[in-house]
Amino acid sequence: MTPSPRPSPPSPGPLTALPAYDADAPALAVDDLRVEFPAARGRRTSTVVDGASFQVTAGQTLAVVGESGSGKSMTARTALGILPAGAAVRSGSVRVHGVDLLTLDERRLRTVRGRHVAMVFQDALVALNPVIPVGRQIAEVFQVHGRAGRRAAARHAVDLLDRVRIPDAARRAGHYPHQFSGGMRQRVVIAMALALTPQVLIADEPTTALDVTVQAQILALLQELQDEHRLALVLVSHDLAVVAQSADHVAVMYAGQVVESAPGYELYRRPAHPYTRALLDAVPRRGRRGHPLATLPGAPPDPARPADGCRFRPRCPLARAQCATPPPVHNVGAQHTSSCHRWQEVTGS
Amino acid sequence: MTAEPHSTPVLDVRDLVKRHPAGNRPLARRGGHQITAVDGVDLTLRHGETLGLVGESGSGKSSLARLLTAVDRPTSGEITVLGRRLDLLRGRRLREMRRNIQLVFQDPYTSLDPRMTVYDIVREPLLIHREVTPRADHRARVAELLELVGLSPDHASRRPHEFSGGQRQRIGIARALALQPGILVCDEPVSALDVSVQAQIVNLFTALRSELGISYIFIAHDLAVVEHVADRIAVMRRGRIVETGTVADIYDRPQHPYTQELLASSPDLEPALRGRAVPDPGYEWLR
Amino acid sequence: MARFLVRRLLTMIPVVLGTTFIIYAAVYALPGDPVQSLAGPDRAVSPAAAAALRSHYHLDSSLLVQYGHYLSGLLHGDFGIDFGDVPVSSLIAAGWPVTVRLALTTWVIQAVAGTGLGVLAAVRAGRFPDLAVLGGSTLILAVPYFVTAYVAQIVFGDRLGWFPVSGVDAGWPRSYLLPALCLALLGVPEVARLTRAAVLENLGAEFVDTAVAKGAGRIRVLVRHVLRPSLIPIVSMLGLTLGTLLSGTILIEGIFNLPGLGYQTFQGVQQHNGPVVVGISTLLVLTFLFINLVVDVLYVVIDPRIRLD
Amino acid sequence: MTSLLSAPEAASASSALEPVPANGPLRSLLRRPRFVFSAFVVVLLCAVAAGPGFFAGWFGHGDPHACDLDHSGHGPTAGHPFGYDIQGCDLYSNVIHGTRDSLGIGLLTTAVTLVTAVVLGCLAGYFGGLLDLLISRLMDVFFGFPVLIGMIVVLETFSVHSVTSVSLVLALFSWPVLTRIMRSSVLTVRDLDYVVAARELGAGHLRILVRHVIPNAIAPVAVLTSMSIGGVITAEASLTFLGVGLRAPAVSWGVQLNTAQQYFTDHLGLLLFPSLFLSLAVLGFVLLGDCLRDAFDPRLR
Amino acid sequence: GADGVGRAAPGPDGGSFSIGVPAWYVAHLTPGRAGKSSVADAIWTPLTRIDDRGRAVGAVAQSVRSSDLRHWTIELRHGWTFHNGEPVTARSFADAWNAAAYGPNAMPYGYLFSDIQGYTDLNPLKGKPKRTTLSGVRAVDAHTLKVTLSRPLSVFPYTLTSTVFAPMPKTAFKDLAGFDRLPIGNGPYEVAAPGIKPGVQQLTLRRYDGYAGPEGSAARITVKSYQDDATAFTSFQSGAVDVALASGSRLAQARRTDADDVALSTAGGVVYLGFPLWDKRFRDRRVRQAFSLAINRHAVTRSLLQGLASPAAGIAPDTVTGGGQRACADCRYDPTRARRLLSEAGGWHGRLTLWTQADPAMQTVLEAVLNQLRTNLGITSITLEAQPTDQLYPNLSAHKADGPFLLYMGASYPALYAQAQQLFTTGSGTNTTGYRSGTFTSLLDRAAAARTTPRITALTRRAERTALDDLPLAPLYHPVTGAVHGPDLTGVHLDFLGDVQLARISVR
């Protein structure tokens, strides 16, 4: 990777000036987060994030995996205070180095966003403004934080595009999002998030549209930033292989809750929740051609009508009467927790 | 019930080229700079076959998919679908032809009409091609399609923006399946899905292929998934198909350097799983 | 794009010819007798004098002959004369700057106030600013603007003395502000409500969230990421209002006694004076064609996904 | 795994789909005070328009034509809550009776304009090419055409000054604006992915236009339309001013406002009361338009 | 709210002031084109003028004499000059008249010369005129003009009061169009350059010091033109002009607030309801009587017009020589009799359309008339038709109007004769009702041939009575016009047509 002229690392912004700031606290700590779509006309309240907690320290990668629709993106967005219309945070906190973002006023938050905490949205096409050339959209990050003049910002934008492997970056910077392929847009969004080398990066499925070669390069780039700038990365992903490769810690989400949380290798080796196991079993593996893939019967619960007790109960082969009560968080091992009454059976111990 | 698989070509592409105008200033003159997204592609898809299409990001896979389904018009080249020249069809003929070849769009956000409910979206193809399902059965058929892709029929009255990325992608798949097309072109249909739902969709595709003889063009980045579903694989790079072959050929004896690189950079889960404390019980325990 | 422009410019020729002919025909078809209008209300013109007047102004020939006469004059750069034997070209030369100044002043007010209020109403949808804009629009729409103009004249011109009551003696901007404000009132609600709708459409878009996630300030998000992509209908509307302002200032020009084209047109219509009306209208048609061309090109600038040909 | 082979059979087996609530938007609308208010206003105005006699008689004789010059311009008295107009007629019953023609003109003009604009705007924006060229240039002709002459010529040709003719003339000169706006938003919508997707399903142009393009492109036009009802009613006043609008003894708010313009310095009521009703109508329709817009905005539901 | 521009400024030379006038006042300035206006009056002085008692007296003319009322000899005073110093001679008159009457010159007021012999040669119905001069006009010497009329006309000296009969200097004929915009007149005020210019809404008049008549008071007058009367009035209120014409509710308002600075005069004309005699429903006199009796003229003038009009029972008010006669027996309010007469005549059937010109004030009055006809005659289906004058008059002369019409008729000179002649003579272009009466014609012809003013008046009055007995039209009221002016101006008077006399206004 060719080193390119980049803006100096962010000078400590107002975040560090806050009394709650604690450089030693986790870079990002989400605690008991609850997000709802309140009951609207003819519809019941649906709790899409229901008490999710996790944390990530500087220089580390936390992977969030889970069922489609389990609230990963919602959690990620809430962390930056960017909720879709109609959604409301009911409880919980999102702390960046001890500072609770959910209590910051809009002005403070603005200085935090993009600079201390950046985000890669899940869908790259709609995340890009269709009427502004991508180069300018990247350059804007520098401009809003007063980190570079127009010219310099434009130059940095081209550099960033180059770093995310957009061929012919100088010319492409002037193109509009619709002129890019799906994977290229995704890389543009990544470039935008990396622009100011934030302390925390929340990346919502950043590499789904990338072929494996580019994906490897992007992951390497992220790794490099982590090494250099102690970037804390929250990686939402479906690709368990990618997760295995790059995550220090993994949180598994199901129906708005974190059902298992473990260091990367530990999770794969000793899954302690039936859902995690089901996930691992469903991974298509090389050389298994011809076998149907293992699937999980049934459907995830409707967030508007949550089952009481364990959410996974209706689909769980191990479900017993006891599962009708909400499972506590069990310590399975070092930094390894599981919310399953019967985790021991799952781990086989 | 299916014809002899892998014999008759249902889709045949000759020397397909697609260029996009690439002026970055809207007022720039026509005929200025162009991006060649698809650059002389030859391709054959046989009955009941799944052709995996892999390649570099930006190599023209989506462009090709859009050409194959007549969403875009090729700059030059021929596309023959079920013996008819798709690129020459117009008007009603083309519309009828579309019943046989469907596309699952890469972008699940923009390809769903924001003002329609999921029910209306999935039902729309049935209304367009009335011969497929009698009107009275539409409701049941939509419910069934939603269930097939792992969505709850309760979702039918919601609108696209109320769904997560993976859920939207499945809506798109349900819509494409509604017509039971002979050819399904899927542009990264499972990339936004978690592995368990992905497995469900992949199994669905496989089942449909054997039951209905649907032929697929399956674009994906996850080589494991491609290996799982595809009979043959085409590797694209910079608008061209650089290598085609059976799954075994490509995976075990890749010829083109890019294919080799691709396989080499594919992240592998095996090392992580290797040390599993619990011996892999297979999936039976879930049954 | 070049081809598009050339084609557009070429199609303008038949449009201009067609329009001038239709207008000429319409003036010709206007009921009533031009000679009578020359004589004044309570007088009657003797048939002989009427005939003399008719032949002097070519009113006695058929429509086609009259139009042909007009066109051939036009080819020599002669726009014809009005019934006071003043060349139409000098009428236009005198009135055009006034009308343009008035129209542009109005237009700027409309554009700025309209979009500003519209954005405000959208951002605060359902709350006080939105309701205030709604209420204001309702009131404005419910009082004919000529009434508003008279009231404004009396209040701001006479009682408060902030602006001259009428005329253009005080020059731009003093003389033009009051009429422009009155005229702008007509368009501000439209532009504001249109902006509100367009902005609401984009306010929840994902790329707006992206901009917020970048840490962009409120104004920046609103202007660049919400307003910018919403501009298509707004720009269309503003293009149209600029055109209609140029042609639609008759009443306001009358009330504020501005010597613009509106008054000339009105007189031309009253006197059935083909050359005057057609001369002015041709200018307006050309302006409209030009504005619409610019707006069409702007579509592509605003939204690069739009294809024009 | 359910079989896809026998769709009907499978259908009966599959779980029933929760019925999509019919009139979904309507039901949710009914819960909003704004909608209820605006619907009430509009319905009330329509009722007044349909049977002015019933409402006019509430306070006094209720005959708009019973006039006594001796009362010219007098203020409110018992039985005459709004006072008298310049002709010494009861202003209240005049305003009430004016509802029919004013609302008639407002609604008819707006309806004709809207339909024309949507149809032509779609044709021009969606199909483009020659059709766009023809429609756009036709609009240019109308834009440059002095409206004044146009209205006089056309109205004199009709030579009846009825609600219908006045409405048609107003519509004739107001369709191009809406059409152009419609065209512009159709232009932005027509190449969006979901429209392309519908085309790819094999949908015909009509279906694409009706189901996808129009619903997503109509918002600006709908907004302008809901306002134009008020605008048209006042425009009728200008027509009357030019001598080509409705004529006495027709009573309309436009006619009343036009008269008021001469006398409002002395008799504010002449301006106030018709304007009040007009405001109410404008407010009703604008709010109604807003609510409908909200009801069909996917994000706000 | 004054910005000083229009403020009256006193000065040793007489000072200056400004006046707001309707735009058509300054649309044209040549005699044959300008028509009657206070601006034209300031620039031009014709042969005769109307004195304060309403008589025609000499202006440029020393005497206007005739033995047979057909052949007239006009002696000019000495010492009159145009503003460029050129002497005003008989030639100046002859040339000006020829130019005005010559058809191809297309002067709108050329028809006023139609009583002069040779007019038809200059205005043939077909083809180009063979002559360019009126055979009836001859400049005998520098100060004698001989005029031959096509018929005896006792009121000829009155007709000469119109500025249309003013002289023009030699330079005028080189470029009539240019002269129209910057004329060289012979009146008390000269037009300062650049005259009328498109886009410039004001005209400066400078006192002409070589004027042979009574000199103008103010040294300078700024004439500002207004497209809208209401604006002129508001501008006056804000101080932008010192004098403005006013009518209707604005005049009433001004009269209520500062009555001292308002000048009023009853205009020398009449607003009447004419009947379409060509329509058989109006052939019966009783129907016309019924209509006339059903209209409450007092209510209209008092309530609707706020006293700014006087009910009419004749065709001219008393400000006009011979006017003020109660000539019309049916011009009163008697609804009972009206109803009876109508039912005697067979009642009313079908629709009734009332016509008038597209003018807000007239429409308001006609609406009141409509209401009264409905109430008092029980005619329910009545509509109102307002047309621009250029449509209305042709429609009337083509007998296309199918109902009574409300119109204003102003005397072209302040004599009852003028009104009677315009309204009732057969073939007169302004005889809108199509009235024909042998008795009336012979009476009016006798008046035209009468020698003395009392005799003319008496005969004209008899003619008026005859005509109004037949009731082809029902006079309704004589409008009052007015002018408002600032407190520092004196001498603001209105003449018989409601125009201010600029030369008489002085600045304190």
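Here the chain labels run A, B, C, D and E in written order, and each chain numbers its own residues starting at 1.
The rule we apply is simple: contacts are C-beta pairs under 8 Å (C-beta built on N, C-alpha and C of every residue); 3 or more make two chains touch, one makes a residue touch a chain.
Computed from a prediction, not measured in an experiment: that's the story for all the values here.
Engineer: Give me the chains shared as neighbours by chain D and chain E.
Structural biologist: Touching chain D as well as chain E, we find C.
Engineer: Would you kindly count the fewest steps from chain A to chain B, each step being a jump to a chain that touches the current one?
Structural biologist: Minimal hop count between chain A and chain B: 1.
Engineer: Return the chain whose centre of C-alpha atoms lies at maximal distance from the corresponding centre of chain A.
Structural biologist: E
Engineer: Per the centroid of Cα atoms for each chain, what is the distance between chain C and chain D, given in Å?
Structural biologist: About 23 Å, centre to centre.
Engineer: Rounded to a whole Å, what is the gap between the Cα centroids of chain A and chain E?
Structural biologist: The mean C-alpha positions of chain A and chain E differ by 90 Å.
Engineer: How many Å are there between the centre of chain B and the centre of chain C, using C-alpha atoms for each centre?
Structural biologist: That pair's centroid distance is 52 Å.
Engineer: Compute the distance, rounded to whole Å, between the mean C-alpha positions of chain B and chain D.
Structural biologist: 46
Engineer: Quick check on chain A: which residues sit in contact with 2+ other chains?
Structural biologist: If we look for residues of chain A contacting two or more partner chains, we find 84-85, 123, 126, 176.
Engineer: At least two partner chains per residue is the criterion; list those residues in chain B.
Structural biologist: 107, 109-110, 154, 161, 203
Engineer: Which residues of chain D are in contact with two or more other chains?
Structural biologist: In chain D, the residues touching two or more other chains are 21, 24, 241, 258, 265, 299, 301.
Engineer: Please give the residue numbers of chain B that touch chain D in the complex, ascending.
Structural biologist: Within the complex, chain B contacts chain D at residues 69-71, 94-99, 102-103, 105, 107, 110-117, 119, 124-125, 127-129, 132-134, 137, 139-144, 146-148, 153-154, 156-157, 159-161, 172, 175, 177, 179-180, 203-204, 207-208, 211-212.
Engineer: Within their complex, state which residues of chain C touch chain E.
Structural biologist: Of all residues in chain C, those touching chain E are 31-34, 36-49, 51-53, 55-57, 84-86, 90-91, 93-95, 97-98, 150, 153-154, 157-161, 164-170, 253-257, 259, 263, 270-272.
Engineer: For chain C, which residues are in contact with chain A within the complex?
Structural biologist: Listed in rising order, the residues of chain C that touch chain A are 204-207, 209-218, 220, 224-225, 228-229, 302-305.
Engineer: Chain C touches which residues of chain D in the complex?
Structural biologist: Touching chain C from chain D are residues 128-129, 133, 136-137, 139-141, 143-150, 152-153, 156-157, 177, 180-181, 183-185, 187-188, 191, 219-220, 222-224, 227, 230-231, 234, 237-238, 241, 257-258, 260-261, 264-265, 271, 275-276, 278-279, 282-283, 286-287, 290, 293, 297, 299.
Engineer: For a test of understanding, state which residues of chain B touch chain A in their complex under the given definition.
Structural biologist: These residues of chain B touch chain A: 20, 22, 24-25, 33, 35, 54-63, 106-110, 150-152, 154, 161, 163-167, 170, 188, 191-200, 202-203, 206, 221-225, 227-228, 247, 251, 258, 261-262, 265-273, 275-278, 283, 285-287.
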